[in-house]
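Heads up, the next two complexes both have chain A, just with different partners, chain B and then chain C.
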Partner chain A sequence: MAVLRPLDKLPTLNSGVLLLVGSDEALQQKLAEAILQEKKDFNISIHLAASLPLPSERDHLRPRIDLVVFMIDIKSKYSLKNVEASLAHVDANFFLGKVCFLVTGVGRVNACSIETNAICQLGKAYCSPVLFCELELEGIRVATAQRLLRMLQICAGHIPGVSALSFVSLMRNSDDD
Partner chain B sequence: MRPRRNSRTPKQPLQARHKSQTDLSAWRKGRRTDSEKSLQHHQSADDQKYDSQEGSLEQAFSYLGKVQGRVSLKKNSVLQKHLDAVESTALKQGLPPEGFEILLKAALSGRFADTVNTRLLKSLIPASVIPQDSVVSAVSLLCVGKCSGNIQVLFLKWLIAMFDFIDRKEHINALYGFFFFFLQDEKLCPYVCHVLYLLTRKENVKPFRIRQLLDLQAKMGMQSHLQALLSLYKLFCPEQVTITLPGKMKTYFKNSEGPWKAAITAVRQRNQGLSPLSQAAFLGTSQPQSRKRKWNAQLVIPASSSYTNHLEEVRGKNRLCLYGTKVSFPVEQLQTFPQLLQNIHRLEFPSQMGSVLTNPLLLHYMNCVKDESIYLRLYYWMGQMLQEECTWCVVDNPNEEEFKSFLESIYKAECFLQEGFSACEEFLYKTLPLWDGVCCRSEVLRLVSWIPPSNFSDIKSYLYDPLAQLFFTSSVYFKCSVLESLRQLLQNWLNCTVIQVDSDFSSSNTTLSGLVNVVAELVHFVGWISTAGLRLENNSTLLMYFILDFYGTVCDMYLKYNLPLLIMPPAGVFYPALLSMDSANLNQLCHIMYRYRTNLVAAKENELSKKSILQFKFSNQTYQEYNQYITAMVGCLWTSSAFQKDIHPQGLCMDDKLLCKTGVKELKNSFNIVYHPAMMGYAVQFLKEICPDDTTFNFKLIKGKKWDWYLEYLYSQGLKGLKVFIESSISRVSQASRSKAGNVET
Partner chain C sequence: MAALALEPPAPAPTFEPPAPPLDPEPIPAPVPAPVWVQGSINDGDLNALALLRLRDRLKEQLVEYKAALLANQEYFTNHLKINIIEEKLIQSATKNLQKSIEEVKVSLQNKTLALQRVQITDALRNQVDHNDEDSRLILETMKQIGLLSQAVVEYQQQANHKEERMTDIKRKRLCLKVDEGQKVEQIQTTMDMQEEKPASVNVSETENNKLEQEKQMTAVIQNVFQNLIVGSGVNWAEDASLKAVVLRLENNVCVH
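Then we have the complex of A and B:
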C-alpha cells in the first residue's frame, strides 16, 4: 500500500492541489464546488477520496498534493474511524503543516456522536489544525471554502515568507505544548 | 374497557388518515356555506376560514369538556373529528385563552388513551396568553395522579415551554410546595426542577426545602438540574446553603421546548399578518413589527408581564390590595424617568426578562438595584436564547437577520450598562470555535469587545485561541474587524481599571495587578497576531492602519488610564510601519512614538520625584526598546543613518559592503524625510511648488532653508503626528547626531 508523500513529485507551476478525504461523498462534492467557485489567481485541482490509501495504478498521473483535508462528520463515529485508519497511510512529513481536520455537522449539536474533545486530541496528536463548520448551510460552506483556499495558498507556497510549517505553528493552540 | 395503550395494528393509522380526510372535505364544504352566508365584503378569505374554524373549535371544546367515561379513539369518529379540529386550529393560529382549561382537564383526567392525551397536549399552543387558572386546575389534576407518567412528563415540558405565556403566576407560585413534592419522583425530577427554577422567589427558599434537596442530591448524585436549583437557592439565601457548587455550568436543563417550538414560531408569524385587532390580543403592547420570533417578541414588554395586570388596574384599584403588602407598579406603564424615580421602590420585573434589554428605564433600574437574582434570570434566559437560536450552531434556524438584531440589542444593552453579560461571555466561549467568521460578523465581534477581564488562562483558551485560528485563515477585512474589536476590548478593560482604582484603591490592589497582567497579555496577543497578519497579508496598508490604531490606545495607558504599564509594539509591527509606503501610517507611527515618549518621560519623572502613586517602575527594557526604535526612526527620517545606526536585533542595520552593492550614490544622505517612500510624493509636490520650471526633480535642492520650508509644507499637509514627533524627539534625542544632520540642514 502506497504511503502518501508530500515531496516525492515536482510541483506544477502556479497551482495548488487539494485532497479531500471523507466518507460523505455528497458533502465533499458540495465543498469542492464551493472552493472552485471562489475567485483565485492560481489553478486549483481538487481530488476526492473516501479513504486512504489512494489507488496505486494511476499514481503517476496524480500531481503533487499540497494539502490534505480530512473531513470528520461529528454525527458519525464511522467517519472518525475512517479518518483514523486513513491517517496511517500519510507520510509523517505531511504533518509539517499540510494536513487539516475539518469537522462538519456542528449545526446539529444534539445529534453529536463524537466528542469534540476527541477530535481536538486527534488534531493535537497529529500537530494539525482542526476547523469546525456546518457545510449544510450555504453561507458557512462558502466561508469554509475561503478558509481552506487560504490554507491551500500557503501550503502550495504562494505566499512569500510564509511556509506551511510556520503557518501551522501559528494555528496551534497555545496550550498544546 | 379498552386497554390503556392500543396495540397498533397497521390498519389503524390508515383508517385514521382516511377519516381525517373525509372530515377535511366536510370541513371545506362547511367553510363554503359559511362564506356564502357572511356577506361582509371587507373580510378576507382568510378571516372567513378562521371563522369557520372557530365554529368547529367551539364544538370540539364543548365535546371534550362534556364527554364522560373512557372513550377510545379507534371507534369514535366524533372524537377523531374534534381532535383534528383542535390540532389544525392550534397549528394555524393558536388556541384562545378559554380553551386551555377544557383541554388541559381533558388531557390530564385520564379519560382518554395516552395517544389522545399526547395529541391534545402537543396542540396546546396559545394564540395570546394562557390563563393562570387553567394551569392551576391542571396541576391539581396532576396531583390526583390519574394520568400516566409519560403524560405527566409531557405536561411539565409543556409548562416549561409555555411558562412565559401564562398571564399571571401568583397562584401557580402558591402551588410551590406541590411541585416540590414531585421532586421525589425520579422520572419527573429534572422537569420539576426546571419548573421550580422558573418559579422560585426568595420567600420560597426554606430550610426544610434546602435539606430535602441536599438529601436528594446525596441519593441521586450530582445532577445538573438539582445543582441549578441549589445554586438559585444559594443565591437567594447564601447563609443557608453552605455547600460549594461548581461555578459555571454549561447547561443546567435540557431543552424541553421540542414539540412546541416550531409551532409557536409558525403561529406568531401567521398572526402577525392578521388584522390589528387580533394583533392587540397577541402578546405585547407595541411595535408589532419586531415580534416575529420569540426572542424579539420577548424584547417587548408584554401586557401580561407583571402580576398586576393593566386591565385589572383599570377595573378597580382596590383589588390590588388583595395581593397583600406588595403593590407593584406595572412595568409596561413605565414611560418616563420621573415615573421610574417615583415608583422605584415598587417595581417588579416582567416575567419575560428579555424585555429589559430594550428598555433604557429598566436598564437604569437594573443598574441600581444590585439584585443578583435579576441578573440570574436575565442570564438564564439570554443563555438559553443564544444557544438555541445561534445561526451557525443550529442548522434549523436559518433566520440570520433576526439573530443579528437580537445580538445587536444585547450589545446595546451592554454599552448602556457599561459591562458585559456573563451569559454572553459563555456563549462566545462556547461558540467561537465553531464560528465561521462570516455569519453575524460585526455583531459577534462587538460582543467580544464586552468580555470582562477575567483570569488569563480562560481568556487564552476560549477567546484568543479560536480567534487566532479564525484570524489567520480569514480575509484581510476580517483581520481588521478583529483588531478593531480587540481595541474596543482593551478600551473597555482600561475604563474598568480606572473605575476600580477610583472607587476603592487599597483593597483592589491585588486585582489591579491582576488586571495589569490581563491587559498586558491582550497587548502581547495583538502584537503577535499583528506581526503574523502583516506577513500573511503582505504588509497590507489597511491592516497596518488598524494595528496602529490599537497601539494608539496602548501608548497612552500610563497617562490616560493611570495603568503602570507600557508595552512597545513588536519589531514585526514597528518596522513595516516605519518603512510603510503610506504616509498616513507613517504619520500615525510618529504620533504613537511621541505619545510613548510623553508617557515614559512622565513615568521617569514620577519615579525620580517618588511622587508615583503606584509603586511601580517600568523595566529598563521598555526604555531600551524605545530608544532603539527612536534611533531607527531618526535614522530613517532625519539623518539617513538607519542602516548604520540601527541597533535593534531585528532592525535594518546593514553591512557597509552590502550597502555599497546596492549601487545607490551618496548613501550617507539618501534615506530621510525626503527620500522615504511614503514621503517622496510630498517631496515631488513641494519641488513643483518652489521651482515650477525645474522638471528634473532634484531632491538635493531640499536643504538648508528649503528643508525648513519642506517641513512646514509637510505639516500643512496634515502630517501632525510627524510634526509632534520631530519637534519633540529630533532636537532632543539626536543632539549628537544633529551636528551630523547639520550637513543636511545647512
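Then we have the complex of A and C:
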C-alpha cells in the first residue's frame, strides 16, 4: 500500500500537478476542463483517480503532486466513505495545506444524504479547507476552477512569500469564525 | 508585451486522452490516473521576466523543501530518543523476567524436594506396616535418628547460649571503647589547658620587667631633679611648694 507523499519527488519546472479524487468521473472531467480553460502562465497536469492508493507500477512516471482535491458528492454517502478510505493513503505532511475537500451538488438541498456538519468535522479533523460548490452550474464551476487554480499555484510554490501552510492557516481561521 | 508572451496556447488541443472508463463496482486495484498536460512555454517565449518568475518559484520551492527537511530532522532525532527509551525498557523487562524465572526455578526445586520427602515417608510407613525384619530395622534407625536429632537440638541450644555470651562481651567492649574515647578527650582538654597556663605566666613576667625599668627610670629622673635643685643653690626650704617637691623626691621609688 503506497502512501502518497508530498515531497519525495523533485518539482517540475514551471508546472503544477493537481490530483482529483472522487467517485463521479463525469464531474471530475467537467471540473478538469474548466480548470484547463482558465488563463494561466504555467503548465498544469490534472490526474484523475477514483480512489487512493494510486497504482504503484506507474509511480515513477507520475510527477510530484502539489494539491490533492477530494471530491465529495453530497448526494451519495458512498462518495464520503470512499474519500474517508482514501485519506488513509495520504501522508500526514500533505495535510499541511496541500489537501482540500470539494463538496459538490450543494445546490440541490432536497437530495442531500450527507450532513454538512459531518463534512465540516472531516475538514476540521484533517486540518484542511472545505469548499462547497455546484459543478452543474456554469458560473460556479468557473469560480471553483479559479479557486482551485489559485490554491494549486500556492501549493506548487508559485506565489513568492505564501506557502501552503500559511494559506491553510488563513483559511482555517475564517472557518472557525 | 512580456506578460502576453507567456500566455500558453489554447488548452483544448493539447489534452491527453482522458481517463479510461471507471468500473461501476469498487475494485481493489485503483484506476490509473490519467494525465492532462497543458501546453508549455516554448523556448522562444523565454525572456528575462519569465526567467525571474521561474527563479522566484524555485526559491519558494526550495524554502518549502528546507522547512520539510528541518521538520524531518527533528522527527528523526525524536524517533531516535524514543528508540533508546524503548531499548532501556526492554532491557529492564528482560531483567525482571530473568529474575522471575530464577524464582520459579527455585520454588520448583523446593517443591520436588518436598514431594520426594513425602514419597519416602510414605514408602517407609508402608514398609513399617509389614511387621517383619525390615520394619524392625527401620524403627531402630528412626529411634536413632530421634536421639541424634535431640542431641543436635541440644548442641544448637549450647551454640546459641555461647553466641549470646559472645554478643554480650562484644557489647561490653563497645562500651569500654566509648569510655576510652571520652577519657582521651578529657586528657586532651587538660593538656591544652596546661599549655595555655605558661603563656599567661610569661605575659606577667614581661610586665614586671617593664615596671622595673620604669621604676629605675623614675629613680634616675628623681636624682637628676634633686641634684638640679641642690646645685642651683636655691633655698628650697623657704618656698612651700618647692619644699614639697624636694621632699617628695626624697621618697625613692626603687626602695619600695
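Heads up, the rule we're going with is that the second predicted complex is superposed on the first by the 172 of 177 C-alpha atoms of A that agree within 3 Å, B and C clash if a C-alpha of one lies under 4 Å from a C-alpha of the other, contacts with A are read in each partner's own complex, and residues count from 1 in each chain.
Here is the rule we go by: a contact is a pair of C-beta atoms (placed from the backbone, for glycine too) under 8 Å apart; a residue touches a chain by one contact, two chains touch by 3 or more.
What you are looking at is a predicted structure, and each value in this text was computed from that prediction instead of being measured.
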### Task
Judging by the criteria at the top, classify the pair chain B and chain C on chain A as clash or fit.
fit
### Query
Is A:106 in contact with chain B, with chain C, with both, or with neither (first, second, both, neither)?
first
### Task
Consider the C-alpha centres of chain B and chain C from the C-alpha centre of chain A, and write down the angle between them to the nearest 10 degrees.
110
### Message
Between chain B and chain C, whom does A:159 touch in the aligned arrangement: first, second, both, or neither?
### Response
both
### Task
Report for A:29: first if it touches chain B alone, second if chain C alone, otherwise both or neither.
second
### Query
Comparing chain C with chain B, which touches more residues belonging to chain A?
C
### Task
Please work out whether A:144 is in contact with chain B alone, chain C alone, both, or neither, and reply first, second, both or neither.
first
### Query
Touch check for A:133: first (chain B), second (chain C), both, or neither?
first
### Task
Please state the minimum Cα-Cα separation between chain B and chain C in the superposed model, rounded to the nearest whole Å.
13
### Task
Could you list which residues of chain A make contact with chain B in one structure and with chain C in the other?
159-161
### Query
Contact residues on chain B for chain A in the complex?
391-395, 398, 400, 433-434, 436-439, 460-461, 464-465, 468-469, 472-475, 532, 535-536, 538
### Summary
Interface with chain A, chain C side, in the complex: residues 3, 6-8, 11-12, 15, 18-19, 21-22, 26, 29-41, 53-54, 56-61, 63-65, 67-68
### Query
Taking the complex as given, what residues does chain A use to touch chain B?
106-109, 116, 129, 131-134, 136-137, 139-140, 142-144, 146-147, 150-151, 154, 159-162, 167, 170-171, 173-175
#### Entry: Residue ranges of chain A touching chain C (in the complex, touch as defined)
6-7, 11, 13-15, 19, 25, 28-29, 32, 36-37, 39-41, 43-55, 58, 62, 82, 93, 156-161, 163-164
